[in-house]
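Working notes, beginning with the structure itself.
A, B, C and D are the chain letters, set down in written order, and residue numbers restart from 1 in every chain.
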Amino acid sequence: MQSSQTSFENIRKDFPILKRTVRENKDLVYLDNASTTQKPNQVIDAITDFYRNHNANIHRAVYALAEEATELYEQTRDKVADLINIKNRKEIIFVRGTTEAINLVAYAWGRDHLKESDIIVTTEYEHHSNIVPWQLLTKEKGAKLEYIGMDDDGELILDDLDKYLATGKVKLVTFSLVSNVLGTISDAEKIISKCKAAGVLTLIDGAQAVPHMRVDVEKLGCDFFAFSGHKMLGPTGIGILWVRTSVLETMNPFQGGGDMIREVHKYETTWNDLPYKFEAGTPSIADVVGFGAAIDYLLKIGMDNIRQHEIELTSYALEKLSSVKGLHIYGTRDISKRGGVISFNFADVHPHDVAQIVDGEGIAIRSGHHCAQVLMERLNVAATSRVSFYIYNTKEEIDKLINSLNKVARIFKL
Amino acid sequence: MQSSQTSFENIRKDFPILKRTVRENKDLVYLDNASTTQKPNQVIDAITDFYRNHNANIHRAVYALAEEATELYEQTRDKVADLINIKNRKEIIFVRGTTEAINLVAYAWGRDHLKESDIIVTTEYEHHSNIVPWQLLTKEKGAKLEYIGMDDDGELILDDLDKYLATGKVKLVTFSLVSNVLGTISDAEKIISKCKAAGVLTLIDGAQAVPHMRVDVEKLGCDFFAFSGHKMLGPTGIGILWVRTSVLETMNPFQGGGDMIREVHKYETTWNDLPYKFEAGTPSIADVVGFGAAIDYLLKIGMDNIRQHEIELTSYALEKLSSVKGLHIYGTRDISKRGGVISFNFADVHPHDVAQIVDGEGIAIRSGHHCAQVLMERLNVAATSRVSFYIYNTKEEIDKLINSLNKVARIFKL
Amino acid sequence: MSNADIYHEMIIDYSRNPINYGKIEDHDVTFHDSNPLCGDSIDIDMKFNDNKVSDIKFHGKGCAICMACSSVLTEIVKGKEIDEVRNISKNDILSELGLEHLQAVRIKCALLSLKVLKSALYSYLGKHLKDSQDVDTLKEEAANLY
Amino acid sequence: MSNADIYHEMIIDYSRNPINYGKIEDHDVTFHDSNPLCGDSIDIDMKFNDNKVSDIKFHGKGCAICMACSSVLTEIVKGKEIDEVRNISKNDILSELGLEHLQAVRIKCALLSLKVLKSALYSYLGKHLKDSQDVDTLKEEAANLY
């Protein structure tokens, strides 16, 4: 075991839930990090401290608590800017999560900029939150939704993109930087340069990327970028939408209410400055503050170290899983093109049954369609089992998983 | 001092922030409860316990943590049903707050049901979140937004409602049960019976009502009901939209994404059952759980006792404030028609200056337009000062406020 | 009940060799539904004769529990009077396989076929019933299954 | 600085008796803006002569700090070269009234009139400037005021 691995094991003591036992006194092995991650004391304490010492509504009042709360809230905006390299903090909008971020774009950008027979391009391996909003929008507008296909290694077929771009009707290309089912890392650079050449905007769903590797939005050069706090040690209820100013300035508000207005009159209203124009009502203030603590925690470890740790775990798991008879792994074996997510099927055993049996051993893995039914159709399966890693996972936990899969084999007489 | 008052003072020990000092070592006196309330240990602990012991994403996975998290999350739905008397828990939708609740209605109901030259009726004393979404919607549809006026006692002029209903073009009447500036309690019964007679739907903004008094939604008979958790001891990031099933069934989804779908195919998608169809993406799970603890806490005290406590404080404050020379109080003096909110102006001193000077004494009050600029125009002022009470406030705190107002008078040589 | 205990011989057998699996080409009614959370999906075809379910078949994709419960359900239903079928309860299915204490998420797997069956029946009766109150009752029955 | 210290004699005086308060009917430029958070709103009218601000007046609603700062600002600006006016900084205003350490929310009250002034100037110069880069600079200047 390498030394970086050892230092990662120290991390576990920061996560109180990892001391839990589940079912019949089994140690918890949490391998569903693509769904949501556990929270370190540092994040839990930041939320607690906010409520115990600084709680107030933000932006509007002059008293001491409101001043403190506003400062804590706005500090997170700076931390986000720092994390994904954004120069202008006013481009960062706080939302509930990736889902709300993408819906905000569909409503506040899409409804004004999409016309009949225009095309929005997504991919076959998107999460439902990067498909359904576009189905709703294109249906409303009489526009079309098209899909970049995926090859058998789980990589996007960029010829499809060329084909759609050639029509001259594409208004937006949207794709996830890392697939939440296959772990595939998209070739964002190539996609974006093609789109830029065609004058087409791009949206990146960074939900599975930002938690796990260094992401530089400025360098990527996309126009919209979305991710969720709860998938990177942060609280539920907070996510980020970043939009390039030149695009943001062409957008009408999404939700109306407090904080997003400049002047309200009975029959007309003017909007607040960016980004507040897009943050209506009382936001998840404590969650924003907790998310700031999560970013601090991750940056202290270092995003490159996190990626390295996950490469080690994923390589180890791929190797071990491959040796289980009858187990089929989806996606590429090229670790440089894959995040810490592995989907598989085990002989004819349904993923639900696999998940339930390993759960009996204290091991939390996901089974189902992973909110990616279009991809399930493409893979021609109803569901897969999925394990996904984060900073606190260890090789020992992978060994436990392999053991419990042997139990599945025994029960199902494989 | 009455005995109910005394038992209320015991409550203060549950609120850690009330032990704080602010500015130059002044005890915190928090009188901005209409904006957001402080949180008791019971709520903070529920959030902490969730993250320390049960954190997982909900609904989708079979493992132990996911089961526990889902149960905790869904329990709050039952508690909400209990709190405001709703028979069918499937009508309760978790949102971020009142603002999102109303916007959800404007998007998911309004865009399909409003036609050109239809009318939506709101009131002159609404919060921006019950005005701006309707401005956006009516503008999009070429429909009209009309206002029920307010008399000089701060009560709605229901003749205006009759006038609009007589046009036969009204599709929705929306109003707050309690005004966040004047504290006026709307005559909901009369408004709703008029609307029902005309076959017109009603939306109630309950943000300032549910925290402070017993509210029975079934008895009210409205069609939509919205409120926020953070104004009733709950965390930020959680609010409630209730919609009558018969109306909910006529609504398309609001946001698209995970959890709200039944089956996603490339070009068509079917929706999940109620209420999940309207809860897209990972919700603010921990905030929902914390909100459940807030409801438990409030119900233990009893909503009628809370109302009684606020009546005592408000009567006391109205009396004391009336005795301050040059201080003008807005709204009715009839305590049966007023919640625990008092807006005032103090001679020619701008509310900001009032708020800042009393803040120097540790007293947190709000100044400004309170997200109610239409009401400010009606009152012909730029801003007011506002105090608003909750369960932990005391008469001693009101005395401190009065003292600090005397300081304002000295500084401004009133 | 421990997780592994759920997977007794009978469940595994049924899941590998489901009973009444397939389609009925000349069905009187057919219905499809799926579990939004996991993607399990079931179709049920039925034929009626003399107020009885003269034939029933199911097909679809699902976990061992879903498949076993679908098999048991169709076995119970086949040949029964329509009114008897309407009265079949969750527990009739679950107890047959010793699954009474299944956790909430898996209950949905176990009862998907029952939901499809009742919906199919509702859709059939809706077309043939005179008494609209009866339809409402059935509708509510189906809605309250979960 | 304690909260009460902010409210020294000069601020109270200016707020009760603002300098250059009112309108200029034959202004060369006028601009309005408001503070979304508190509702303070300020209009500024200006006249130019020979590249100088020959007259300036403001009106609107605001707190004592907003009013005092608007008074001080207009006093400073009156008679100055346009280029000098463009270089007026936050601190020129705040220091004049001893408000350098005002908290963030109140800073917006103090600087609202400066924002309106710069916006007015931008709108005027935008129509009269040849060099578009110059306009951009000014625009950025205004945007970065807060």
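Note that a contact is a pair of C-beta atoms (placed from the backbone, for glycine too) under 8 Å apart; a residue touches a chain by one contact, two chains touch by 3 or more.
A quick note: this is a predicted structure, and the numbers were derived from the prediction, not measured.
Between B-C and A-C, more contacting C-beta pairs join the chains of A-C.
One simple way to say how far apart two chains are is to compare their mean CA positions; for chain A and chain B this gives 31 Å. Averaging C-alpha coordinates per chain places the centre of chain B 44 Å away from that of chain C. Remark: chain A and chain C have CA centroids separated by 37 Å (rounded to whole angstrom). In terms of their C-alpha centroids, the spacing between chain C and chain D amounts to 74 Å. Each of the following residues of chain C touches two or more other chains: 37-39, 41, 106. The set of chain A residues touching two or more other chains comprises 23, 60-62, 66, 259, 261, 263, 352, 356, 359, 367-368, 373. Shown here, the protein chains touch in an arrangement that is not a line, ring, star or fully connected set.
Interface note: chains touch in the pairs A-B, A-C, A-D, B-C, B-D. Within the complex, the chain A residues that touch chain D are 59-62, 66-67, 70-71, 259, 261-263, 272-273, 276. Against chain B, the residues of chain C that register as touching in their complex are 34, 36-39, 41, 103-106, 146. Chain A meets chain C in the complex at residues 23-24, 348-353, 356-357, 359-360, 367-369, 373, 376, 382-383, 407, 411-413. Residues of chain B touching chain A in their complex: 16-17, 20, 22-23, 28, 30, 32, 35-36, 38-39, 43-44, 47-48, 51-57, 60-66, 96-100, 102-103, 106-107, 127-129, 131-136, 145, 147, 228, 230, 235-238, 252-261, 263-269, 280-287, 352, 355-356, 359, 362-368, 371, 373-374, 377. Across the complex, chain A is touched by residues 2-4, 6-7, 12, 15-16, 37-41, 61-66, 106, 109 of chain C.
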